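Mind having a look at this structure? Questions to follow.
Per-chain numbering from 1; labels A, B, C and D assigned in written order.
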Amino acid sequence: MQPLEGYRVLDFGSAWAGPMAAQLLADMGAEVIKVESRARMDGLRLGRPIVGDDVAGGDRGLWPDLQPAFHGFNRNKLSITVNLKHPEGVALIKRLVPMADVVTNNFAPGVMERLGLGYEELRAIRRDIIVVSMPAAGESGPLKDIIAYATIIHALSGLMSMVGYEGEPLVGQLQAAWSDALAAMHAAVATATALYHRRRTGEGQYIEVSQWEATTSMLGEAIMDYAMNGRVAGPMGNYHPMMAPHNNYPCRGDDRWVSIAVASEEEWQAFCRALGDPEWARDTKFADAFQRQRNRAELDARIAEWTCQHDAHEVTEFLQGAGVAAMTVMNIEDQFLDPHFRERGFHVEVEHPKVGLEWLYGQPWLLSDTPGSVRRHAPLLGEHNEYVFRQLLEIPAEEYERLVKEQALY
Amino acid sequence: MQEGSGPLAGVRVVDFTWALAGPGCTLFLGMLGAEVIKVETAQYPDAMRRGAYSVSGDLDSSPTFNSANLNKLGLRLNLRRPEGVQIIKRLVAVSDVVVENFRLGVMDRIGLGYQVLRQVNPTLVMASSCAFGSTGPWRELAGYANVFNAMSGMGSITGYQDGPPTELRDSIDMRVGTNLTFAVLAALYHRQRTGVGQYIDHAAAEAITRHLGDAVMDYAMNQRVTPRRGNRDPLMAPHGCYPCKENDTWLSLAVGTDDEWRALCLVLGRPDLAADPRFADGAARWAQQAELDSIIGAWTCQRDARQAMQELQEAGVAAIPSFSAKDLFEDPHLRARGVWQDVEHPKLGTTHVQVPPWRLSATPASVRRHGPLLGGDNDYVLCQVLGMGAGEVERLAGQQVFE
Amino acid sequence: MSRMALEGVKVIEWGEYVSAPFCARTLADMGADVLKVEHPRGDRSRRHGPFPGDVPHREQSGLYLALNANKRGITLNPSKATGRAILLRLLESADVLVEDQGASFVDGLGLDYVSLKERFPRLIVASLTPYGRTGPYRDYKGHDLSANAAGGISFGNGTPQREPLVVPAAQVSFMAGLGAALATVMALVAREATGRGQLVDVAEAQVVGVLLTGYHLPTYIYKGIPGYRAGNRFRLGLYPNCVLPCKDGYVCINCPQMEQYQRFLALLGNPEWTNNPRYRDRRAMTEQYPDEAEGLIIPWFMEHTKEEIFALCREHRIPCVPVQTIQEVVHDEHLASRSYFQELGHPDAGRLTYPGPPYRFSATPWGLRLPAPTLGQHNREVLCDLLGYIPDDLPRLRAAGVI
Amino acid sequence: MTAMAERDLLAGITVLEYATMVAGPYCGKLLAELGARVIKVEGPGGGDPARRRGPFPEDLPDDELSGLFLYLNTSKQGVTLNLETATGRDLFRRLAASADVLVEDATPGVMAAIGLDHDALCSLNPRLVYTSVTPFGQTGPYSQYRAYPMNLFHAGGEGYTLPGSLSNELFPGREPVQGGTYLAEYDGGLHAAIATVAALIARNLTGSGQHVDVSKQEAAMMLNLLNIQLFANTGELVTRRRSYHFGGIFPCKDGYVILYPREDRHWQGLTAAMGRPELGTEERFRTWEDRYRHRDEVNAVLREWVAAHTKEEVFQTAAPSGCPAAYFATTEDVFHSPQFAARDFFEEIEHPSAGRLAYPSRPYGFSEAPRSQQGPAPLLGQHNREVYCGLLGLAPGELAELHRAGVV
C-alpha cells in the first residue's frame, strides 16, 4: 500500500520542475500519465544523449528514449502522445479528465487556457479536480512571461547573490537546478495537502507555485537582516556565525576535501586532542569560539596543514570517533560507492528496455509503513497509448487507428 | 589606649546605646578600629549588666554585657547634671560619630539632640535608631527585639507549617545593629570625601522587613500571604532537618539538582531510588516529599550528625547539622579559621569571644579589649581626651557628676 | 475564512535550528496546529540573529522569527522524567511528532517511533537527522555543512582548486525540512486509508543528494566524471551559461537555444569574432576555453548597467537577468505586484517584513497568522489549561529544569 | 552626575557584582541604593538562578518576573558574560580594571583557577576592593562545602534555638526550623556590604584596595553571639526548650500577639491599659519574682484578655502603655502598615516586563542625602551594549559575534 495509491495524475510537465513534481507523486503510488507529443518533445528527452555520442551536434538529440536524466524524473510514469495542436487532441484529453484527480503542468502562463484546458474548463468537467501550475515567475506581474531556466530563477530570487567566497568577486553559480527541485517539492507537498483536504471535504482547487517565490520564501534569514538592519547579505564562503572551525579542508589526493564543523567548547577540546594537542591549538588566538571566529583564516590554514596529510574518509572516521562532526566532501562516485547510502537506497537499479540496467536516484525519505518506490522504468515515448485510449477510454480499435494515422496521437 | 589598626582607626564614637540593638552597631564600629566611648550612669546602667545576665549580680561581671561591648571604653556620667551634658558636648566636639537608640525625643530632652550637637561639631555623623523610625504614627512606641520581629513580618513566616509564629530574639537586635552599622559606615565614607556630616534616622522594624523582601514581593504581585513552611522549600526536595543518633541532634539536608539526588542515593546505599522515575527530577521529588523525608530520617537517625555531614558533603550533597552553641564552640572548621579569641576581663578572668566575621587582608578588624567596667575609663576620657586637670575632676566628682 | 487544508492536524515539534522547525512551519502555514517544544535554554537559533541594530536579544533573532511563525511554544525538557511524562501526554492528542534530537538520544529516552508505536498507533513521527536513522553514519554528528558534503552538493559549488562551497543561508537544511513536510503529508494521506501512523526517516544529506545530484548521476555512470567545480559557469550548459560582472553588479545569462544565442550576438552588433570558427562550437567554448570565450562578451556587459542589460534582453527575448541583491528582491516590482512580501508584528521584535507564500491555494489559503512564540509563551495554556497542572506547580517545574 | 546624585553617599563608586541568589546580590543592592554604579555580571544558562526562584505573578515562571530577583537587583546594570571562555575572562579583567569593588561568591579556588582571584586582579587594579562572600569562608575544612540557605541558617547556631516558646509547648521534641525565607543569606550580604564600605574607607586612607573574606556562617554566628558566648563562658546551653516564664505568644481573634511585661512598670502599664489596674499592684504580681512565682496565673490573665481581642486592638491598647507588645504581622499586614506608609517605606518602581510594583526600600534616612528614585532590576543582558560598547569601547557588530560565540 502506498500513500497515493488509487489517485491518477495527468502530467503536462516538461524539462525538470514539472516532471519532478509528478515523479514525486508517482514514487508515492500515484498513477501518473505523462502527456507528450512528437510535435513538441519534452526538452529532457532531447537533452545531450549522455548515453551515446551526440552525432547531430547541438542539442537536437535523435534518441528520445535514451536520456538517463529523463529516466530519473519520469520513472513510474505512463506515457501517451497526444498532439494538442490537432483538433481532436484536446478533446481526447478532456475525455481523460473525469478519471484524473490531479492535473500538473509547468507551461508558461496562459498556455493551458489557450489549449482550452484552463482550471475553469477542467472544473466544469470534474468539480473536485486539483490543478497545479508551476509558472517560473507566477501567473501575474510584469515578468510573468520571462523565459526562465533554473539559473535565471536563482538570479532573480536573491539566492545567487550570496554564492561565493568572502570578500571576493561573486561566483553566483550553483551546479544544481536548485529552484527546479524546490518548485517540484513545493508543488508535490501542495498537491498532497490538497488531496488530504479533498478527501475530508470533497473540495478540489487550483494551486499556483511560482518557482521564483518558492525559492525566495526560503531566504528568511537574509530578508530579515535587510528588514531589520538594511544590511544586504553577500557571499560568505563556508562561514558560519556560530561555529569555528567550520569549513571544507583539502585532503590527500586530487580535489579531495573533508568538511569539519566544531559546535562547542567540548568538541574543540576533543578536536585538539584528536590532532595530538598541537602547540598552535593552545594559542590564545583559538582559545574560545569568539577568538576562533576572529582568526578563522589562520585557523583554517593550520587545520589544512593537518588534513592534507590524510585521506578524507580517514579524517571523517577519525574525527567522528572523537565526537567531532566531520564528513567527506563527497562527489557522485563517493556517494555511489558509499556503504551508508547503499544501505539507505540512495540509488536504485532499474531495467530499461532501451538502455538495459541503469542507475537512478532513489527515495529522498523513507516511510516505514507505506514507502515510496521505483516500480517501473521511465516510459518510452507513447508507450501507453493502447492502455489509456483503448482500455481506459474504451476507444474502438478502428477509431484508435484513425487517430494514430491522422497524427492526433503523435 | 591600644590604637585600632582597622579601617576606622582614628574615628571616635560617643556611644549612648543600650540593650543589644544599639550596642551591636558600636560593637562592629569598635571591631573596625574606632575608639568607642560608652556613656552610662549608675542609676541607669546598660540592662545587660543586670538581671539574668550577671553572674554574681555585680554590674561589672556580666559575660553577656562583655560579649556585646568588646573594645568599648566606659564613661560613667550623670546626664541629669548640666555639667554632665557639658562634658558630653566637649567630647562630641572631638569625636566623629554619635550613636543612640533611646525612644524618640530622649536625646532632645537631655539637651543632646542633633540640632544641638551639630553646632558643636558641624561634620558630626549622628545615628538614631528606634523601633519604627522618628516619624509616622508608631514613632513613640518602645523598641524590643520581639516587637521588631513580630511587626516586621519575620515571626509570621518562621515556624512549623501547622504551628504558631516564632519569636526570634537576640539575633533580631543584632540585625538592627548591623543595619545601622552599614548606614554609619556609608555616612563616614561620604564624609571622608565631602566633609559633610549626617543625621541618620533608622527604623528597626523596617530593617528586619528588608530581610524578607522576597516574601513581601509575593504579596505585592499576587496578594498572597507567605505561609510558614518549617524547613520545607517551595521548589526543592528533599529539603528538611532530620533527627540524628544522639538526642536532640539534627542534620539539615537539601537537594537542588538531579546530580545531588543521585549522589544522595549513593550515600544512602539506595541505587533503586536513583533509578525510580518517581524521584527522577525536582518536580517529581517534591511531590513525594513525605516518603523521602521518612527514608532520609531512617538513615540519619542511625548516624552521628557530624559524621553524616562529612559523608554527604564528600559526595557533593548539601548537609549541615543544626549546630548548637556547644557544637560551634568545639567545631574544627571554626577552630582552624581562628574564630575564637581569649580576652582577659578584670572581673571574669579569661573570656572566650568570637573574632569579627569579616577578614580584611590589609586593615584587619580586631578584638583588642574586654568590655568596659562602669566608669572604668573616666580618667582616660576626662584627662587625656578632654585635657581636664585633676582638680576639675575632683570638683565634678564632688557634685555627683560621675554618679 | 474558508477552512485551511491541514486544519485539525495537531503537530508537536521537538526541534532546533532549521530543518525540523522549517518542516513544522511548512505544515503550520497550511493550517496545522503546531506546538513547538523548546529546551528551557531556548532554540539555538535564538542566538543566531540577525538582530535589530546588532543588539542580541533572545526574542529578536531574524532566523528564529522566520522559522517559527504560526506556532505556539512551550519550554520542556524531555530528558527529565517529568518532562518526558508531559511530552507523552501531549502526544496522546497529537497526529505528528517532528523531531531532530538525534537517533541515540531519542532511543535512549524511549521516545523513538518503535517505543511510541504501541501506545500511539496513529502517530506519525518525522525524524530528521543529518544522515538518517539507519546505516553506519546513524550516530555520526552533522550540521548543514556536513549535509552539503555528504549530499554531494558542495563538491560542485565554487571555483576549481578552491575549497568547495555550501549552498548559502542553510538552504540544504531548509530543503530537508521541506522534504520532511512533504513526506509527513504523504503519511497523513496514507493514514486516511490505513488508519496507521508510521516513521518518516528523513536524512538531510539524502534529501538534497537524491534530488539535486540526480542530473549528475548519469554523467558519472556513463562518462566517469564524478563531478567538478566550474566557478561562475553552469557546468552542463552551452556557452554562454554563466554569471558575469557588469557596470554596477552582476548578470546571469543562459542561452541554451541557438535562436536565443543568435539574438544575443545581434544585440552585440554581430562582432567580428563571430566569424572565427573557434568561437562557433558553444560546447567547446564552455568546456575547453571558457575564460577566453567569456572575455569576448564581458566588455559589452561592463559598459551597461544591470537595468540597461535587463531591458535590452527582455526586449530581444534573451534569457539574461540581473543577479538581484536581497535589497532588490525585497523592493522587486514583480513581487510587489503580486503582494508577495508580508508584514507581521511581534511583541518584542516589532513589525517586520517576512517572505510570503511559496504557493497560492485557491480554496485553502496559505497564511502568516501568528508571530513566533516567545520562550515558554504558552506554558500556562498548555500545562495548566490543557494538562491540568495547577499554576503553583509551574515554578517547581521551572526550577527542576523540566520547563 | 546630577546634583541630586552627587549627594548620594556612594556616588562615584563602580561595583562589579559576579554573584547569584541572595547574599552577593543583596550586598550589591545595598551599595546601589546609595548611588554606587553596580554592574551585575550573569553567567550562561539563563543568568542568576534567582530568576527561577520566584515568586512569579500568577505563578507563571518567567526569567524576567521573579520577585526575588526583581527585589535584590534594583538599580543595577545587567550584562551577560561566560567566564568559561578566554575572551569572557579578558572582558571581565577589563571591567575589573576600572572598578572600585568586586563582589563575588564563587566556591573558594574557582576564581583562582581561571586567573581572576584577588592576587591576579589587584596587580591589574591595586585600588580594587575584592569582596568574597561564601558559606564558610575562603579557608578551613568546610570551605568547599555546599550549603543552601536552610543549611546555612542551621550552620549559624540560631536554627537550634527555634522555634521555642509556644511552638515548643505545642510540639515538644520537634525539629529545629530555619528563619524566614533566606534569612542567613541576607545576613551574609549585609555583612559583606559593611566590610566592603569599611574597606573603601580604609582605601581613602591607604590608597589601596584589599581582599575581604566574608564567611556567611560566621556572620550568622555574630548575630547569635550572646547564646554562643554564653555557652563558651558559662556552659549554659540555650535550646528550643527556652521559653518565657510569663508573657509570650498568645493567639488572639485574628492571629497571634506577643506580650512581654518584664519590668514592673511594663506590668502596671499593661494591666492599666487592659482596664484591670488592680492587678498591677496586686501582691501576686507586684515584682518580677512575684510574677515569676505566679506565672501560670499571669499567663491565664493575659491569654484570656488577648483571646477576646483582635491583634489591632491588643496592639493599640498595650503598646502605648510602654510594655513590649506587638502582633505577628503577616506580609499582608506589613504591605498595608500605616507606619511603613507614613515613612514611604514601600517605593514604586516601573519594570519593563513586571510593570509597576511596590518594593521595600531603604530603612534609613540621611539628612544630607535625600532618597533618590531607585531603578528596576535589569533584564538578562539588558546593558550589554551600554557596558561593552559604551564602557569598554567594543563595536556593536562585535557584540553580536560575542553573543553567537557564547561569550555574552
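Just so it is clear, contacts are C-beta pairs under 8 Å (C-beta built on N, C-alpha and C of every residue); 3 or more make two chains touch, one makes a residue touch a chain.
Treat the numbers as computed from the prediction; the structure is a model and nothing was measured.
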{"item": "Between chain A and chain C, the fewest steps along chains that touch one another", "value": "1"}
{"item": "Chain pair, B-C or B-D, that carries the greater number of C-beta contacts", "value": "B-D"}
{"item": "For chain A paired with chain D, centre-to-centre distance based on mean C-alpha positions, whole Å", "value": "65"}
{"item": "Centre distance in Å when chain A and chain B are each reduced to the mean of their C-alpha atoms", "value": "77"}
{"item": "Chain B and chain D: spacing of chain centres that average the CA atoms, whole Å", "value": "13"}
{"item": "Residue list for chain D, restricted to those that touch at least two other chains", "value": "53-56, 58-59, 404, 406"}
{"item": "Residues within chain B bordering two or more other chains", "value": "234-236"}
{"item": "Sites on chain A at which at least two other chains make contact", "value": "241-242"}
{"item": "Those chain pairs that satisfy the touch definition", "value": "A-C, A-D, B-C, B-D, C-D"}
{"item": "Residues of chain D defined as touching chain C within the complex", "value": "45-46, 52-56, 58-62, 380-381, 384-385, 396-397, 399-400, 403-404, 406, 408"}
{"item": "In the complex, chain B residues that touch chain C", "value": "234-236, 258, 277, 280-286"}
{"item": "Residue numbers on chain A that touch chain D, as the complex places them", "value": "241-242, 244, 265, 284, 287-294"}
{"item": "Partner chain D, residues of chain C touching it in the complex", "value": "40-41, 47-51, 53-56, 58, 376, 379-380, 391-392, 394-395, 397-399, 403"}
{"item": "Residues on chain C engaged by chain B in the complex (per definition of touch)", "value": "80-83, 85, 393, 395-397, 399-402"}
